[in-house]
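Naming follows writing order (A, B, C, D, E and F), and every chain is counted from residue 1.
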Amino acid sequence: MSQPPAPAPTPAPAPGDELPNVVDALRAVRARWRETHRRGGDGRDLPSRELLAAMVQSLSGALFPMRLGPPTLRPEDEDFYVGHTLGAAMVTLREQIAHELRHDARQRGDAEPAPGVAEALASRFLHMLPRVRELLDSDVLAAYQGDPAARSVDEVLLCYPGVRALISHRLAHELYRLGLPLIARVVAELAHADTGIDIHPGATIGAGCFIDHGTGVVIGETAVLGECVRIYQNVTLGAKSFPTDGDGHPLKGQPRHPVVEDEVVIYAGATVLGRITLGRGSVIGGNVWLTRSVPPGSVVTQADMQSHTG
Amino acid sequence: MSQPPAPAPTPAPAPGDELPNVVDALRAVRARWRETHRRGGDGRDLPSRELLAAMVQSLSGALFPMRLGPPTLRPEDEDFYVGHTLGAAMVTLREQIAHELRHDARQRGDAEPAPGVAEALASRFLHMLPRVRELLDSDVLAAYQGDPAARSVDEVLLCYPGVRALISHRLAHELYRLGLPLIARVVAELAHADTGIDIHPGATIGAGCFIDHGTGVVIGETAVLGECVRIYQNVTLGAKSFPTDGDGHPLKGQPRHPVVEDEVVIYAGATVLGRITLGRGSVIGGNVWLTRSVPPGSVVTQADMQSHTG
Amino acid sequence: MSQPPAPAPTPAPAPGDELPNVVDALRAVRARWRETHRRGGDGRDLPSRELLAAMVQSLSGALFPMRLGPPTLRPEDEDFYVGHTLGAAMVTLREQIAHELRHDARQRGDAEPAPGVAEALASRFLHMLPRVRELLDSDVLAAYQGDPAARSVDEVLLCYPGVRALISHRLAHELYRLGLPLIARVVAELAHADTGIDIHPGATIGAGCFIDHGTGVVIGETAVLGECVRIYQNVTLGAKSFPTDGDGHPLKGQPRHPVVEDEVVIYAGATVLGRITLGRGSVIGGNVWLTRSVPPGSVVTQADMQSHTG
Amino acid sequence: MSQPPAPAPTPAPAPGDELPNVVDALRAVRARWRETHRRGGDGRDLPSRELLAAMVQSLSGALFPMRLGPPTLRPEDEDFYVGHTLGAAMVTLREQIAHELRHDARQRGDAEPAPGVAEALASRFLHMLPRVRELLDSDVLAAYQGDPAARSVDEVLLCYPGVRALISHRLAHELYRLGLPLIARVVAELAHADTGIDIHPGATIGAGCFIDHGTGVVIGETAVLGECVRIYQNVTLGAKSFPTDGDGHPLKGQPRHPVVEDEVVIYAGATVLGRITLGRGSVIGGNVWLTRSVPPGSVVTQADMQSHTG
Amino acid sequence: MSQPPAPAPTPAPAPGDELPNVVDALRAVRARWRETHRRGGDGRDLPSRELLAAMVQSLSGALFPMRLGPPTLRPEDEDFYVGHTLGAAMVTLREQIAHELRHDARQRGDAEPAPGVAEALASRFLHMLPRVRELLDSDVLAAYQGDPAARSVDEVLLCYPGVRALISHRLAHELYRLGLPLIARVVAELAHADTGIDIHPGATIGAGCFIDHGTGVVIGETAVLGECVRIYQNVTLGAKSFPTDGDGHPLKGQPRHPVVEDEVVIYAGATVLGRITLGRGSVIGGNVWLTRSVPPGSVVTQADMQSHTG
Amino acid sequence: MSQPPAPAPTPAPAPGDELPNVVDALRAVRARWRETHRRGGDGRDLPSRELLAAMVQSLSGALFPMRLGPPTLRPEDEDFYVGHTLGAAMVTLREQIAHELRHDARQRGDAEPAPGVAEALASRFLHMLPRVRELLDSDVLAAYQGDPAARSVDEVLLCYPGVRALISHRLAHELYRLGLPLIARVVAELAHADTGIDIHPGATIGAGCFIDHGTGVVIGETAVLGECVRIYQNVTLGAKSFPTDGDGHPLKGQPRHPVVEDEVVIYAGATVLGRITLGRGSVIGGNVWLTRSVPPGSVVTQADMQSHTG
């Protein structure tokens, strides 16, 4: 048995002292961290994972009221539900945006953001929702047509983790484009935790995307996917290596992930790395390891790769 | 910095107009979808993810009362707990079945299902539970015996995601066999979200199955697994390609996933595709890519494969 | 369509009989299990997944009060929050420890554990928390410096699943070292379900660890990681095979997982098996399959491996 | 000390037998009751206290959105909130009405109510809501003008139990008028439990009613109150005695409670019994016991009464 | 305006000091209290209001499963529901009894209560439940027959606060008789808060009791009510004065409340004080103030009383 | 049967029109109200009943940690619990105060309150808490000594509604004195709903107050109670009549309720009206109606009163 031996029951310290001692020690560790990172610990201006999770669920319902909204919703009451749910979600979003803007300003040492900025950003987000729904409709259709096991578009919307991941991504991507990378990232990571699909909110994904099974999929920040791309579990669209600054720290924000053109299919376990281009209609086989561009219509299988490398 | 520039604070539209405009635009998108897909939006007859999640948790408790039931349960009260919990779970199941049957009927343009069908199906499911428990006992034992890190059968039942995935699968599979693929799929996807193990409810799995670690495992709809099969993380038992109909759409429902005979072991990352057979007692090595049948007792490693393909 | 035909609505049995029959059949299955495994079903002494999940969330807040604690917390109230939250978490922990000790004693046929043992173990755990926070600070920093997409240390702490997995692991590892493998395992599996990262609580991990994306990562019980190790998604640090006893059952608790020295990087999909050593500063490429030790400074890529095996 | 002596710790019966014995005994008592009252115990068609409580809270919010609705509601989103909340409340109401109609039919031995009746009744109730709000506005105003301690109409709406009791009563009265006495009674009793004000839903109450403090107020089923009536705590508007049928059982449904004309004031503790009339503008003093009609403009004090009775 | 002037905004003390100062001051007050009352503050052995509230609700459901149990309960599952609910309620009760026994022992300076006492008391309580249900059936019937506004026995059970108060009282009275006055009192006060009816758990109440409206009813600890007693709102069955010991403190536990014989009716607002007897079948009129015994068949009205006293 | 006839099932209007029509009608009623009362409907600045209820519960726990705090609290963790709970309660209180101040300013047409005012008021409230606890200790003691049925001071604190009412009152009174009558009133009404005891937050109550049973007690805004006053159920300390302004509206805020000197006892049902004084040590009998001052040491019974009035 590798189990470490159970320690002998040592006499507990005086109960009145123990907890205060640990509280003191933890305060000391926090103080060291704050000093090192020049943080004042002056208030919490971070978005809330819980509130954003609730907001995404509300927005999902507002986007697909009769399928992801409340079970008792009647078709004739749809608009009231949509309007009310969006109104409440916007209250949350405005607050969360204000948190991020303040956090960001403090991070840079800037002045407090002007009042009204959070409101205006939330409003711009709101107006993107009809377009988001259109894109998601195309994704649902792509999944239905692409999976022989799918029996109806409703099953796809209700069950497929790839669709859930894209609902979150398309919302997160709009937030990212509005200059809210932190909120966007929280939304993306909520979907990652739920589905195992890790799409950075910066990634650009065209209409009709289908991610099947999805566990282990990673799509990087600067990846660009065209229309009707199909991706299976454990596919990585990652960075190969990244340029560093003088101190050896990675330079942030360079294009470093693949461009995937329209109608490309990438099978399970394939790893595609670097700012390369997969030409329109290409098929990348399972477990393939690919770090160079391929022209439109390519079919790349593991065997090919091995003959290339062997 | 790749962060998109924060947009200038534009003046918000008149607050009374903004939300109604978006509600109108969303209604228009929904109308286009419904027109295209000939849906009336006439009521919501879809199973509820939340209610089915609660039902699976109740059934888990009823199957293993002293280990997955309420912490305060006393052995002498077990039967009351089991009976009450099953009774309540059946109320939920009957309703969810009725939803799926109505959804299905509307989908096909059929008449409403006869009253009593949902009740009868729920009753047949209920009677499968003792058999389900027996199978799960064999799975728990297999995990305990197969993992050197396992210290007790109780730890296995409490902690192992592979066991949690099999509890859900064995329930989902019974539902699938009763002609309830949508409910079955929701149950399966709940387990997928929880464990990262994606078993289609159609898959047939024999006694004594052990899935270790499990993240990224995919087992397809028509896969057939014998007894005492052991599978590690990231194993795919998938389809290679699927026949299409005249329009190029995949034909649904054909046998297209592997048959895995008794006592086969498949190590992490292996990909097994197509309606092939892995003979009894075979061992498939890690990361192997396999698309052809192998006879009983085969040992297939990556090196073999590479020599085959290189 | 592969959908099995909907069964004909058979007449339900007399409703008063059906449920009792199933309850009886389930009791019979339980009795067989208990007889086979010599269990008396005499009370439930198992840790509670729900309570431990709440405890881990409380401890996370107490470790990082202004970032993972309640959104309304004010810096001047930090110590009260930390002290109160730790105090309440210790109440839960003491109870859960007592459950595990009783379960363990019964398992071995030993006498009930002495009173005060659970209290003493919880106290020792409490005193490890400042050290745990220091280690986690080093992990946060490593993630910030290692990922070009990371914008701030706060984003890393709030969003990165690798950091969440390490918070749980570093807590679980202390519990494991205190001789509480069952509670430790539950804590680890909660993180596994949340992040897709499966770290056995027995694994020893040095400061400054960064696990990026993380889905599908598996780190085994006896693995040892040095400082500043970086790991990507789908990496396995596993066992190759394990010695068995006379009955063919695996011997439990032998060192059987890799030793990874300081500053090693292991890219996505790599599989490292057995009690081998990856020398300091080595880089293991994506999808590499490695079962032998490599000296410090090695760079191992798939191509290398293939030439070795081909 | 009157405390009964603590019983000696008797040996508990065999734990496996105790609970079943009590369950059997309770079943026997239920069987006797059902036999005596000719009830089949065939399903539960009773309204749900919990669901009706939630419905009343929703309706209160929909009637006064900016004051009793959600704290984050914005004026420009009011209509969406009102529409959505009413839509959801009607779902509950339709179900509860259906329960009462079925219960009522079974009670009388009638056939099941026709489908659509519940829907039609809920719809008629919905259309009464604007009138209900107008009446409640008059009540709020009356309280504000009648209480020197009231500082604003908002305080009155937020705090005064008399107003809360009238919100519930005016809703319950509409339900009563629609032939739903059981649901109406549940709504009334919820307000009674909350405020100590017991208004039978059958009572007819004109605009501008003000009940101050209110604890102990009782207003009977056939009471009729005009406009601008003011009532203080512990006032009873009750029945004196009631005619009985041949078996000595009270005849149900006869007018047996007072008629209170416009602008009457009834001070604390007054008891007014029987089908008498309190003429317009009368003032009934505290603790007065009154069983005869009084003409308009009467001032009745305890002293008067005593001289009448003495 | 009587509103006190808003205080000028004084500068807040240093935020880091303020809360600790108040915490210190509160500790000092607690220390004074504990010193004065010789309490060690050594642990909390008090019953929990919240847990007892949940227990009473469970017991109500177990006593009347189809009417106060879960809305989805089916008649054929009744026994499982009853058994499971009682089993879980007994877990709570055993713990709460153990708290009271330890509190009581500490209070008297006695040794810890023997193990098994709590269990034995809970078991004795359990066996009283069938008798409690019989008594409650008689109460429901009495309410139905006594109130012309009652339409069905189900309405009475669902709506009448007098019945809810008696459910709690009959349970509390059994607890009181078992020597658990503190738990009994909490149960009684929960009903008091809900209904406005304040029955001391020591009061003895015969079958067929009907309390109509009920707000303000007070029934004292040593009151004894026969069968078929009817009581209206604001009736007090109280103590007139109580003998004191040498220090002027009231002697606890003496019989000091009225004896009310069978079939007595007491109308609203009547006050009956002292250890007097109201003879069988007497009628006590509204607002009567009565401090002397009356023979069987008496009719006492306010007028009578005034002539007696005037 | 008095049941109104069930209405015939009228055909429902077109479902798409019905709800919008009612929403429109409700909007029209709201518009009329807002026009009449010159309200803009511009945001909700009202305190929240739910949040204040939670705050009072937190404060109760912080005042009596081992008796009203969490059941698992250990004596050695008391200060952390108290500090954390107060810190969190102050967050709520600051927000609620800011709401009231803004509401009040808008009500008067004043400018927005200066920032920092809410913070300063909350801070002043915080510093009153040790004094509040001292007063409550005196109340608990008074109840224990005054009631022969009370067995321990803990029972009194846990069970007695009079004590719960005084906890709320003493908090509400401090808020009232700080110029926050609306929040104070909400707190008072929460206690009124819970206990049936209606104490206006303006009332001044000395140490050692005991309110027994309490249902129906009303104590008015300008009442002044000395030390060691004892009050029973249904006692009113009210206003007799109030001076009106030129328009016949009552003048607000005049002293109009009784002054009750030290050690007065007022028995159940007594009504004491107007700005009169009950001299030290007086005893007011049950049901007495009193509108004139009485000298110290008076004993006033119903009989006296009747001879006075007869």
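Quick note on the criterion: a contact is a pair of C-beta atoms (placed from the backbone, for glycine too) under 8 Å apart; a residue touches a chain by one contact, two chains touch by 3 or more.
No experiment lies behind these values; they were computed from the predicted model shown.
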Touching both subunit A and subunit E, which chains are there?
B, C, D, F
Would you mind working out whether subunit A and subunit D touch using mostly the same residue numbers, over half shared, or mostly different ones?
same
Computing the C-alpha centre of each chain, which chain sits at the greatest distance from subunit F?
B
Farthest chain from subunit D, going by the mean of C-alpha atoms per chain?
C
Would you indicate which option in A-F, A-D or D-E repeats the interface seen between E-F, with over half of the contact pairs matching by residue number?
D-E
Centroid from C-alpha atoms only, then distance subunit C to subunit F, rounded to Å. What do you get?
52
Geometric centre distance via CA averages, subunit D-subunit B, whole Å
50
Using mean CA coordinates as chain centres, what's the gap between subunit B and subunit F in Å?
56
Check: subunit F positions touching at least 2 other chains come out as 3, 18-19, 23, 73-74, 77, 79-80, 82-83, 86-87, 151, 181, 196, 202, 215-216, 221, 234, 252-254, 269, 287, 306, 310
Among all the chains shown, which pairs meet the touch rule set out at the top?
A-B, A-C, A-D, A-F, B-C, B-D, B-E, C-E, C-F, D-E, D-F, E-F
Seen from subunit C, its contact residues with subunit E in the complex are 15-16, 18-19, 23, 74, 76-77, 80
Seen from subunit F, its contact residues with subunit C in the complex are 70, 72-74, 77, 79-88, 91
Interface with subunit E, subunit D side, in the complex: residues 1-7, 9-13, 18-23, 25-30, 33, 37, 40-44, 46-49, 103, 107, 151, 181-182, 185-186, 188-189, 192-193, 196, 198, 200, 202, 215-216, 218, 220-221, 234, 236, 238-239, 242, 249-254, 256, 269, 271, 273, 287, 289, 306, 309-310
Within the complex, subunit E is touched by subunit F residues 3, 62-63, 65-67, 69, 71, 73-75, 78-79, 82-83, 86-87, 90, 101, 114, 116-117, 119-121, 123-124, 126-127, 129-130, 133-134, 137, 145-155, 158-161, 176-179, 181, 194-196, 202, 213, 215-216, 221-222, 233-234, 252-254, 268-269, 286-287, 302-303, 306-307, 310
